[in-house]
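You will see two complexes here that share chain A, one where it goes with chain B and one where it goes with chain C.
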Partner chain A sequence: MIQVPLSVGVVAVSALAVAMFPRSVLVFLLFQGSLLFVYRARIPERLRWSLLAAALLVLMPVIGYFNSYYLEVATQVGIFVALALGLNIVVGLAGLLDLGYVAFFAVGAYSWAIFGSPHANIILGGGFPLAGWWFYVFLLVGLAVAATTGILLGLPVLRLHGDYLAIVTLGFGEVIRVLANNLDKPINFTNGPKGITPISRPPTPFGLPYGEYFYFLALLIVVAVVIVNRRLEDSHIGRAWEAIREDEVAARAMGVPLVRMKLMAFACGASFAGVMGVLFSAKQVFINPESFTFLESIGVLAMVILGGMGSIPGAVVGATVVTVLNLQVLKGFSLWLNELKNAGVTVLGYSLADLPTQFEPAKYERMVFGVILVLMMIFRPQGIFPARRRQRELGG
Partner chain B sequence: MALFEARRVTKRFGGLTALHRVDFALEQGIASIIGPNGAGKTTLFNIFTGLYAADDGSVTFRGQPLLGLRPDQITALGICRTFQNIRLFSNMTAIENVLVGMNSRIALGLWDVLSHSRRFRRTESHLAARAIALLDRVGLQANANAVARSLPYGDRRRLELARALAPEPALLLLDEPTAGMTQGEAGTLMRLLRGLVADLGLAIILIEHNMRVVMEVSDRVTVLDHGEKIAEGSPREVQENVRVIEAYLGTRGAGPRGARRA
Partner chain C sequence: MDVELLIGIFPQVLLDGIILGFMYALIALGYTMVYGVLEFINFAHSEIFIVGAFVGVEVMLGLKSVGLLEGLPWPVVLILVLLAGMAGSGLLAVAVERVAYRPLRNAPRLIPLISAIGIWRNAFNLVYPTLDVLNLRFELTETMDVSVKSLVVIVGALLMLWALHLIVNRTKVGTAIRAVAEDQAAASLMGIDVNRIISLTFLIGGAMGGAAGVLFGVQYGLINPYSGFIPGLKAFTAAVLGGIGNIPGAMVGGLVLGLLEAFAASYLSLLTGGAFGAEYKDILAFSLLILILIFRPKGLLGEVVRERA
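Moving on to the complex of A and B:
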């Protein structure tokens, strides 16, 4: 029971530390770590969830008041958590390797970007952008459009497995990006590489600043997505998905309707990305095809694998870790090395200032990320929080 | 009208005729299909369950034609099977394996699942109770939460049987259920099958190599060789059939078996 005061203390201390050192990345990481600690601690469920809710609903926005960049990071984490949870259904549960997942995110983003900006005037005459409140309608429109796109992708790939499926989905992701890049002629749908701007933002309740507003909205969507995900997983639908992953032939022979279940997996996974795409385009005000590259798909896949395939807490933690790594830790690492270089620090008699530009620390970011992934796969292949059963299987 | 009837079922793989105009009918009880390796027994099962498409012939179940239906549709009609090389959902628990088998008996929509409607909760608890009962029937109730792959071989065979019973089939197709079992285990399994026939009115088609089992448990025996039906009848009749003895032991003085058809 010592963990009860410990949990409360860790959260309180780390929150206080952030307030005192709002610029320190390390202190912010400490705050995030404290949430993980609370999640894992052996404390009463009610206390656990109260602490997490307090941290996410109260402390995080307050921290954002001191350093708005942290709120931006938290919002991005929220977006990627939803994406990872969506991909987790397709890859983790149903076992359908999808390398073009970001396409659904793009479809959602463009659906609001086009109609929530003056851009739609080019296609449909006048009357645009739609009023801000349409944004809420478009959260559902984005969901529906992405789900439909998911089904459209699913139909031709129903018979494909493993590597073949991966290649086709990879191609699909590229097709969507290239379409976005080139659909400025003959009719200008996407404005090509120049992208679309300005995209309307919804009116915020209680005059909330947009930073806080999008943070809360992302949080709300993530909570909804987690609930939907859990309910699907604990139902005959989730079991059918897992059965397909384990043995497709046996699943069919046991009465699992393969086509319907696979399409449902694609549609459900895609719909989460669609919703977040709408939020993303409103948050960014500007979008172009650059935001939806193959690397983004791989990034989301890395989150799912790093967290633990088929595991909801895994997808959440995986998305958080990867996003924070990319936005904060690796950036911070680069900055720090650069400072050392500029200060002319010498290591073993060699002045870092003499380092040729090819060795510039900023260029190592992706490499460090890659090394982390490799090490993870070697030493903890089941992921950070493996799915319940997987854990038993590998932990043996 | 027979419960299950196949007529002139033909299946070719490229130049190889795996099945040639095979007739098969079953009214009730246990029918066995035997024959040397490669005779086409499993191919016949795969056609019966919709995994393969037949090139010719017809298959009917309670008067309903099956050819052209998907495997899950056939399962929903009341036919389920096990596999020669045990195909469980290895990383799922025993009870989850059985629950997957009930998929075709669940009439819940996406909305029931997402809203956790009363219908959903009632169905789930009902399914769980049925799954436990099925595991109990095959003697695996203590292992309900064990991951399938961690179970010993004999238990996995029995779990596969429980899973095949989950869709409430009227006809069960078992592909070598006693393979790799000791004589004692095989005997227990056969008593279990007999019980199923008696209690549930189940009809069973059995592919089996263990002749003692076949002779003991079957009401009728069909013999396949090189894709053709060469004999059919009661176990005793088949045992004394000359062509059957030839197929299993080779013809006296006729040289290697393969040469016969070449």
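Moving on to the complex of A and C:
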């Protein structure tokens, strides 16, 4: 029971530390670590959830009030958590390796971008942009459009396995990007590489600033996605997915409807990405095809793999770690290195100022994804937080 | 529509298609050989291909700095560059296999695949620290006549394909490679060192990719680290089109795809009055891939693909 005061203490201390050093990356990492500690600690469930809720609902916005960049990071984390959870359904539960996942994110983002900006006037005549409250309707529209796209992709590739499926989904992701880049003629749907702007934002309730508003909205969607995921995992659908993952022939013999289940996996995974796409386009105000490259798909995959395929807490932690690594740790390290360089510090007689100028950790994003994938596969293929069922299989 | 123009550009488009096709064929060989032996798609191959081009350029720059670029006759320089590119790519391929694939040989199928994706587009960082401003030019061939360049590419590709054919079909090593592809366990019972043969397959496939990289540089003059991505995907499509695991299939598939793309790139915008530009050739290639996989998954020349549990 020592863990009860410990958990409360850790959260309190990290909150205090953040209040005192609002600009320190290390302290912000400490705050995130404390959340993880609370999640893993052996304390009563009610205390655990109230601590987490307090941290996410109260502390985080307060931190964001002092340093809005952290709020931006937290919102990004929320977006990627939802993406990772969606991909987790397709890759982790159903075992269908999808390398073009970001395409669904793009479809969601473009659906609001086109109708939420004056751009739609070019296609449909006048009357656009739609009023801000349509944004909420489009959260559902984005979901539906992405799910439909998922089914459309799923239909032709149903018969493919492993490697073939991977390469076809990858081709599909590229096709969506090429379309986004080139559909500015004959009819201008996407405005090509120039992208679409300005995209309307919804009116915020209680006069919340937009930073806080999008943070809360992302959090709300993430919570909804987690609940849906949990319910799915233990339902007959989730079990059917896992049966397909383990052995397709046996699953079919047991009466699992392969076609329907696979399509459902694609549609579910895609729909989460679609919703987040709508949020993303409103948050950014501007989108262009550059945001939806292959690297993003690999990044989301790295998050799922790092956390553990098929594991919900794994996807959440994986998304958080990778996003924070990209947005803060690598960037922070670059800045720090530059400061050292400018100060003319020497390490073991080697002046840091002599380091080649191209050497900049922030540019190693792709490499980080790659190294994560390879190392995890070799040393811990089940991920940081293995799925319960998988844990039983591999640990037993 | 200007029929004369359509006919007028035909020979040039045909030539472009053939060159592109040979390029795809060389890259596709890397995919197909590895697939034949391990039944696994080496996603990192597109990276290995473009590293070959970069090694070639570096050697060229090295020769230039010691004043040999002008001193030697250009065919000699070209051969040196080609050999360097092949060696670089071949060794990189072997290293990748050693580090990222061999420890996972017996793991479930998804696992080496993900490891391969991790290597893909990252192996490059090991050779060059950053990628942002890296555009290198093939100075050797900048002044060369276009027809000479085309000839170099076609002859080079044909030589490579012929050499590969000899190695695989006429030598002892080639027999061993085919034996391992057929049945690993039986091959090892016959005294073949399977690990060595797999390394060798990666070496040969990688070297073919490296040669393709150098020829790519010769033909297009400018390379950057991202140039490998799309040709790699296309070459994979070519390998599947011809029947993956099948060496003549890779060549046929490469040529078909190259021709198709060249014609799409030049005629699509002419025929649709500019509504659909050359960019749609990528979409065409991927649609083709999906269609083949649905209707003829074994490819044009392929054997029946066994289902592996």
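Operating definition for what follows: the second predicted complex is superposed on the first by the 372 of 396 C-alpha atoms of A that agree within 3 Å, B and C clash if a C-alpha of one lies under 4 Å from a C-alpha of the other, contacts with A are read in each partner's own complex, and residues count from 1 in each chain.
Definition applied: a residue touches a chain if its C-beta (ideal position, glycine included) is under 8 Å from a C-beta of that chain, and two chains touch if they have at least 3 such contacts.
Just so it is clear, the model here is predicted, and its values are computed rather than measured.
K.L.:
Scan A:339 for contacts with chain B and chain C and give back first, second, both or neither.
P.N.:
neither
K.L.:
Now for A:381: first (chain B), second (chain C), both, or neither, which partner does it touch?
P.N.:
Second partner only, chain C.
K.L.:
Does the superposition put A:228 against chain B (first), chain C (second), both, or neither?
P.N.:
First partner only.
K.L.:
Please work out whether A:371 is in contact with chain B alone, chain C alone, both, or neither, and reply first, second, both or neither.
P.N.:
After superposition on chain A, A:371 lies in contact with chain C alone.
K.L.:
Does the superposition put A:256 against chain B (first), chain C (second), both, or neither?
P.N.:
First partner only.
K.L.:
Of chain B and chain C, which one contacts the greater number of residues in chain A?
P.N.:
Partner with more touched residues of chain A: C.
K.L.:
Looking at A:242 after the superposition, I want to know if it touches chain B, chain C, both of them or none. Which is it: first, second, both, neither?
P.N.:
In the superposed model, A:242 contacts chain B only, not chain C.
K.L.:
Which partner chains sit in contact with A:167 here, chain B, chain C, both or neither? Use first/second/both/neither.
P.N.:
The answer is second: A:167 touches chain C but not chain B.
K.L.:
With the touch criterion stated at the top, can you tell me which chain A residues are shared between the chain B interface and the chain C interface?
P.N.:
The overlap between the chain B and chain C interfaces on chain A comprises residues 247, 249.
K.L.:
Which positions of chain A touch chain B when the two form their complex?
P.N.:
That would be residues 228, 231-232, 235-237, 239-240, 242-243, 246-247, 249-258, 264, 389-390, 392-393 of chain A.
K.L.:
Going by the contact rule set out above, which residues of chain A touch chain C in the complex?
P.N.:
95, 97, 99, 156-157, 159-164, 166-168, 170-172, 174-175, 178-179, 181-182, 185-186, 247, 249, 294-295, 298, 301-302, 305, 356, 358-360, 363-364, 366-367, 369-374, 377-378, 381
K.L.:
Could you please specify the touching residues of chain C with respect to chain A in the complex?
P.N.:
Residue positions touching the partner: 40-41, 43, 99-100, 103-104, 107, 109-115, 117-122, 125, 129-133, 229, 233, 236-237, 240, 274-277, 279-280, 282-283, 286-287, 289-290, 293-294, 297, 307, 309.
K.L.:
Looking at the complex, which residues from chain B come into contact with chain A?
P.N.:
49-51, 70-72, 75-76, 80-81, 83, 87-93, 96, 99-106, 108, 110, 113-114, 116, 120, 124, 127, 147, 149-150, 163-164, 166-167
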